[in-house]
Each structure stands twice: as structure tokens, then as C-alpha cells.
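Input: one structure, supplied below.
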Amino acid sequence: MFDMLQIGRELLALQPFSCLLGSEMTAFEPGRVTLTLAVRTELQQQFGFVHGGVLSYLADNALTFAGGSLLGPEVVTAEYKINYLRPARGERLIARAEALHAGRNLAVCRCDLFVDKEAAETLCAVAQGTITLLGRPQGDA
Amino acid sequence: MFDMLQIGRELLALQPFSCLLGSEMTAFEPGRVTLTLAVRTELQQQFGFVHGGVLSYLADNALTFAGGSLLGPEVVTAEYKINYLRPARGERLIARAEALHAGRNLAVCRCDLFVDKEAAETLCAVAQGTITLLGRPQGDA
Amino acid sequence: MFDMLQIGRELLALQPFSCLLGSEMTAFEPGRVTLTLAVRTELQQQFGFVHGGVLSYLADNALTFAGGSLLGPEVVTAEYKINYLRPARGERLIARAEALHAGRNLAVCRCDLFVDKEAAETLCAVAQGTITLLGRPQGDA
Amino acid sequence: MFDMLQIGRELLALQPFSCLLGSEMTAFEPGRVTLTLAVRTELQQQFGFVHGGVLSYLADNALTFAGGSLLGPEVVTAEYKINYLRPARGERLIARAEALHAGRNLAVCRCDLFVDKEAAETLCAVAQGTITLLGRPQGDA
């Protein structure tokens, strides 16, 4: 039987950087994905918050999976932007991304990033970006 | 004697996430910074390229230092966008960021990201974003 | 009695460029705004679609009003990004923006842009950006 | 004889919205374009500056021409972001855009926007975005 979440988790496990950071996939369906990441000291910046680069990584990855759920597995993020709303302090990051539109080669996705602290979620960043098939638009570089 | 590069390196060393990834500062002056990062397997994604999240992290951090060089050390990235141009394959990433404008609370910066392979640099991503003083615009959240 | 929509309409009417394009405000409350714009030939580009610059203008303006509804009337857009999803063909554009977070000086907002054709709305662009108080962060330029 | 600037000007003249606003092309070569726009009262917002929507329009259009100079004439802007640096007050806007990379279907471009006042140019906004072939990536919408 086709288990989309299982396939997504296997793809995520193929990314050495995702393994280094420890991200997990908790939901994956056409057009939507949820990634989570346990916060630990080595993911912080100098003020004790989660480093923006960790939030960016998680947003980028969630956008790619959301787009890839419609375009296919051979995708990369072409571009995205992220706004940080609040310092991220808590036990766990949660990234929920969805595809707003998918054409043949491009998908436009959004991602909301929450930090989970004592079982309460706070929105800490929002992202928006474009996913593209690998090897077509950019692969001739 | 005031050694700006030394101060920048000490700030970078205070970021656990930057230590985890291994980034280094090779230049720091008012309005400009250069960060580098040795590529290793655990920074890759599933196709063998450097993970976009690593490029994002480095861009974000370089933008912050470029803005902070004019606004002061207590800054964070408010937002940025990044376009990935080519898959990043090589031995070392180089992020060069500069501030285009700084007001009292905000600075707008750009960053070019190169990958160094066999001593030749290739532009692999470009970023643009806004740096803001910590604790003023966003710290009342 | 305080009529927020009326105040918003008066502010919009003070913008010569909004008058030139013909945008209207149909809803305005704390954190949310809706702007509409009747499509006419002179707002098109060479392929017969609404020019992206018109969508950008409307997104920018809606983001500013959404942020200004929380920060106060003396605001400007610091930055935003827009993704065009589909060519905009129809009788009317509708921009719905909301503030996701507002601090003392900055607000982060999103905007969905629809085109209305034969009474059916189609999402044609999405935007995300930062609104800032005028004369503080950027006014010392 | 092939006159690229002449061809660019003819394309610009086919855009009703560009005619409404009065933009002109002063340079066009592979990977680069310059657009200008005379400032007049009806392009302003309520504080007497050029409306951000006008700067956005000009940036968007310049990005498209810069990308189209490499990808061909049937292109549209897929997405871009813009940072406003300073209020634009002066006689003329100047947008200079260049393509940083072009693949088969996508080009990544940057644009610097200046305002010309008493013969001195001031940088007032910067943009970065993605240009895509029309009818391929997004045209199947």
C-alpha cells in the first residue's frame, strides 16, 4: 500500500543535514507537510533563541516537501523569503507548509513556523517561496 | 586597539549553531562581512549538494553581521529572501554581504554566496534582507 | 462615531496614485483590509493580462493598510515579496491583507490577491511583507 | 540591422500600463536594462513621495526585461521582493536591472532603483526576483 508519510520520512532521512539537525516529518499529504525539530542548545544563537538559520532550514525544507508532494520528488527550492516574528524559545519547532498553486514545473508554497513551549504553540516565522523541478529550470547551470 | 574582525569572530563563536556548522569570519568592516564554511557530507541534502538550509543559514548570518556592523551588535535579521542559482558542490562556501542602507533601527543588506571548487568561485545563491535592532521593533512581542 | 472604514477610504483618497488606478476599500478593521480595483485596458501588459505592477501596487497598498491598522496611520511598507500564480484576467482585482504580528515599530502582513471573473474569484498572487512606522526606522535617511 | 534597444522600446510600448505611467527604456543589452520614469503628482502617495507601487511596477518591469533579454520575449515575472530604502522624492526614477543567472526556463535578476533630483542620483529601493518563460512553468494554470 502507498504510504505517503513513510515515503516522505525516507526522503527526509536521505538528507544528511536534516539528520544532523534532527528534523522529523509528522504529516505529509498532497499539498501539505508538517516537519518538527526538537530544540537543543547547539541550534541556538548568542541570545539563547533558536538561530534564524535553523528556522530558515526548516521552512526551506517544508516548502520543498509541500511543493514536491505535487510536482514529484525531484524538486528543489528555487527561492523563498522568511519573516521572523518573534524570538523562538521553546522545546520544539513545528513547520506547516502548504502549496498554494502548482503548475508543471513550479509550485508556490507558504509555511508557518511555530515554537512549542509547555504545550502552547506560538507563531514565530512565516515563509513563502517557489519550488521547481530539479534538472529542468536550473539544472542546466 | 580596536580589532573589528576579532570582535566579529568572538560574536560568531558565541553562536552554538555557527559552531556546529563550522562557519568562520574572514573579513569584517563597517558595512561588509565575509563568512566561510567548509563543506562536509553532513551539510548535504539527498542529491549530494550542500543543503539549501546551510546556504540560508550562512546568508542570514552574513546579512546580520553586515547590518550589525552599522547598527551595533544587538541586532537580528527581521526578514530576507534568497534565490538559489545553481547546485552548490565544492569544498567551501563563501558569503559576502554588504549593507546598502542603514537608518536608526533598520539596515537593508545584500549577500552573494559562492561555492569554491578547485580554487574557482561560482555564484550559487543571492540574498537580500532587513536587519533590525533587537528589543526595539520586535522585542516587545 | 468612529468609522474605521471611512477613515481608511479618506486615507486612500489622499493617494494620487491610488486615484489614478481607481482602487477602492471595501473592508477595514484592526489587522485586516480589503482593497478592490476595476480592471481596464490601460492596466494591462502586452499579453492582455493585468500588469504585474498593478497587482504589486495593490498588494503593497493592502499590506500597508493592514499594518497601519495596528501601528497607526503614519506607516510605509519597508519591504515585501510577491509571487504571481496565474495570469490575472477578469473584471476586478481583490486584495485581502492581514497583519500576522505587530510590534511597536514593525508589523508583518500577508496579502492574497484574487481576480474576479464572472462572479468567480481566482487566487492570482500572494504577498508577504513588513510595515514600519514612518520617520522612525527609515526616516533618518 | 538588429537594434535591441529599439525592440525593447517597442515591447514596452505594447504595455498599456507602462504607457499610462510613462516609462521609457534608455538601455537594453543581453542581461541588462535601464528604465526611467518621470515623476509627476499623480504617481505619489499621501506624504508626497512616489508611491511604492510605482517603484514596484518599475522594478518588476526592469526585472522582466533583464531576464527576457536572455530567455526571450515571452517571459513574465514569477516573483520578486523589494526593499524600500528611502522616500523617493525627485524628478525621475531610474531602474537598472541585471540578470545574475539564466537557465533554460528561469532567470534570477536584481534591480537597483534610483531617484534623480537636481542631477544627483539616490538609491531608493532594491529588488531581486525570478523571471520565467510564459506558458511553460505557469501557463498551464
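Here are a few things to note about the model shown:
Letters A, B, C and D mark the chains as written, and numbering starts fresh at 1 in each.
Everything that follows uses one rule, which is that a contact is a pair of C-beta atoms (placed from the backbone, for glycine too) under 8 Å apart; a residue touches a chain by one contact, two chains touch by 3 or more.
Just so we're clear, the structure is a prediction, and the values are computed from it rather than from any experiment.
The most distant chain from chain A is D, comparing centres defined as mean Cα coordinates. Computed from the mean C-alpha positions, the centre of chain A lies at a distance of 32 Å from the centre of chain D.
Chain A and chain B have Cα centroids separated by 20 Å. Mean C-alpha position of chain A lies 28 Å from that of chain C. Within chain C, the positions touching two or more other chains are listed as 78-79, 81, 83, 85-86, 101, 108, 130, 138-139, 141. In terms of inter-chain touching, the protein chains here all touch one another pairwise. By the touch criterion stated above, chain C contacts chain D in their complex at residues 11, 14-21, 41-47, 51-54, 56-58, 60-61, 64, 76-87, 134, 138-139, 141. Within the complex, the chain C residues that touch chain B are 78-79, 81, 101, 103-106, 108, 130, 132, 136-141.
On chain C, the positions that touch chain A within their shared complex are 81, 83, 85-86, 100-101, 108, 110, 123, 126, 128-130.
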